[in-house]
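Before I ask anything, let me first share the structure, which is written out below as structure tokens.
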């Protein structure tokens, strides 16, 4: 039953460009990118029990490396993508060693501090990153010679990547490693006594989450054809975290729903309200106070309750 | 030689400001186990209050302004703590998220109220003339800032070590459950400490105005510095916050002066060393 | 990892542990033979659980050594000691309460297998794990509850699950920290017969306050007080010893 529903969903997603205009197709592309980013963060937050406020680092660094290599050093998109992902993953390995010296709030603070340092670097090192001006005039890759410049073609590209990412992460969380990750999240001491190495499990997950964060960063810079230090900022990390928590961090579907909601809110709200950050802050407060486990678990609980009949 | 003296003094005054900023953060984290991400915004709020007040009312005393702003920010902090944070006792992650949300609200509110341009804050008139010592010239206000930080440190030390309130705070930091069991009103204590921390940050913001100016993004600049100071100095340790502030003040000032583009990396390095070799910070206790 | 053969399954040599100014373990030495059933007793605060924590690796001693079958494991992390054949239960039950009994036991079985690093195949792929988990649950009489989450079952049943998880890995040394605590009379006799039926390949070291029940299971007894070994030897000898009465009655 689940498979049929998923297949129908994927098919209708593929058919989107045939009945929607460019504006909506582009919006859908942005949602797909945000979904990958949120899913990668959720590996850490929901499945690993490690709340990070610095995840935008991976999106931003991958985007900047690709931007610099293609626009300034004449690299082709293929090699640039490989180097970008490799570099981001290596950075995740390095940051992971530092951040995992602590857990809980200490971990959160370290990830925040590290990502702020990167953000500061992106701003200050203007001769490399162009500082506050960002890097513009970028191009999209042409996989197999196919141009991605139209809204529809980029959308399908993003859909393929996002579906693949979702599938890979679904496999990851239901594997034996995934089970050990959830175990370490719930009872790390018990897991150690049973023979699992909690640090290694966390570190590998951290790297994997950084990897997919980098993938979302590549899609991000291809879509926007522009990169700016704001994408490395705490606000960017916070938006992703809000999406994960609002959607429900214990599931795979939750972050996707949450990311979509945050993006839609941002797009529509910014048309009416100048101060998006203030709205974001208020939404944070609201979600945490009123719906702490998120929308998807809340809805599924509602569905279960309805199925069981009223008590 | 003058360069080194000036940078040295700038380091000291930045260190002093950082202490005013991070002492509250460290206290709040130590007692309430809460990483208060609103702290940078509290500081910035103080800077804006000070900037507006000092520019609108000629001859207004900066000390009075600092006190007033401190009280105002403390009140805002207290409301936030009572209305929002207390509802999230069982959700530490939620607490961090709402402090983040609150920081966004405050920073956007400042943008809304006072615009996007940087507002310079005038140095108080009686402190404008430079001090001459041993043939060297020092900007007086910066010297005064260092004095303020030392004064604040002494007052906080006295509060924590010599008063009943301080004893209750220290008990709460050491063992919250036990403190409750012996009748210490821990939840009221939380509010008091949160207000105290926010108030010091707000007052520090006013005093920092002449040096930093009030500008959007001040909170985002200050918060990571507070984080690094507390990571370096150790959580819940006043001495750690004091020493850590001055170390970071020096590193940041000399780093920015000598290698402007790499200042952030230079800040980063001592943090990595501390985390790698002594995760509880220089003076913190293990298992915060 | 073939350990060296030795006369002793577990040796604790001049162990010292202090927290700040408080010395919890002053100088403890133990030598436990393979297959032995050792009971560790002592008043509250004597340092029993702290001793277990040092043996399992959850804490590091200030000085002294811990040897498993002749190998010095003092610097080993807890998970490494598990691979050396050490297993333990805790005073406070730390099971995965939202997961089923079967999943709990499966995790216990997975801990020592290389397949725990598999990121590709779903856990359900490993049919032999499920079979073994069912066998383990059956051995403690809980197979009928295999699909229930741990949060649904009674406290006594949770103790049995914990025991099952610890035994599932066929450990060579098993540490039981107050396995009978908080159990009703019927539950107590069930758990007691489970402990009595542990095969001889496993050396059992137990901390218990319920002396009536525990003494039946013990062959040798160690009495701890204020972080020191007061009496150590065969059960009957220790019970009859004057010093035991002193410690408990303060005479």
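As written, the chain order gives the labels A, B and C, with residue 1 at the start of each chain.
Going forward, a contact is a pair of C-beta atoms (placed from the backbone, for glycine too) under 8 Å apart; a residue touches a chain by one contact, two chains touch by 3 or more.
This one's a predicted model, so the numbers in the text were calculated from it and none came from an experiment.
Visitor: Which pairing of chains gives the most C-beta pairs in contact?
Guide: A-B
Visitor: Work out per-chain C-alpha centres and flag the one nearest the whole-protein C-alpha centre.
Guide: If we average C-alpha coordinates per chain, A lands closest to the whole-structure average.
Visitor: So what's the Cα centroid distance for subunit A and subunit C, whole Å?
Guide: Chain centroid spacing, subunit A to subunit C, equals 42 Å.
Visitor: How far is the middle of subunit A from the middle of subunit B, if each middle is the mean of its Cα atoms, in Å?
Guide: Measuring from centre to centre gives 32 Å for this pair.
Visitor: Mind checking the centre-to-centre distance between subunit B and subunit C? Centres are C-alpha means, answer in whole Å.
Guide: Each chain reduced to its C-alpha mean, subunit B and subunit C end up 48 Å apart.
Visitor: If you look only at subunit C, which of its residues touch subunit A in the complex?
Guide: It comes out as residues 56-58, 77-79, 82-83, 87-88, 90, 94-96, 98, 103, 106-108, 110-112, 115-124, 126, 165, 169.
Visitor: Spell out the residues on subunit A that touch subunit C in their complex, using ranges where they run on.
Guide: 171-172, 174-180, 183, 186-187, 189-198
Visitor: Give every residue of subunit A touching subunit B within the complex, in rising order.
Guide: Residues in contact with subunit B: 51, 53, 98, 101-102, 104-106, 108-110, 112-114, 116-117, 120-121, 124-127, 233-235, 238, 241-242, 245, 274-278, 280-285, 288-289, 292.
Visitor: Where on subunit B is subunit A touching in the complex?
Guide: 29, 33-35, 37, 84, 87-88, 91-94, 96-98, 100-105, 107-109, 111-112, 220, 223-224, 227-228, 230-231, 260-265, 267-268, 271-272, 275-276, 279, 288
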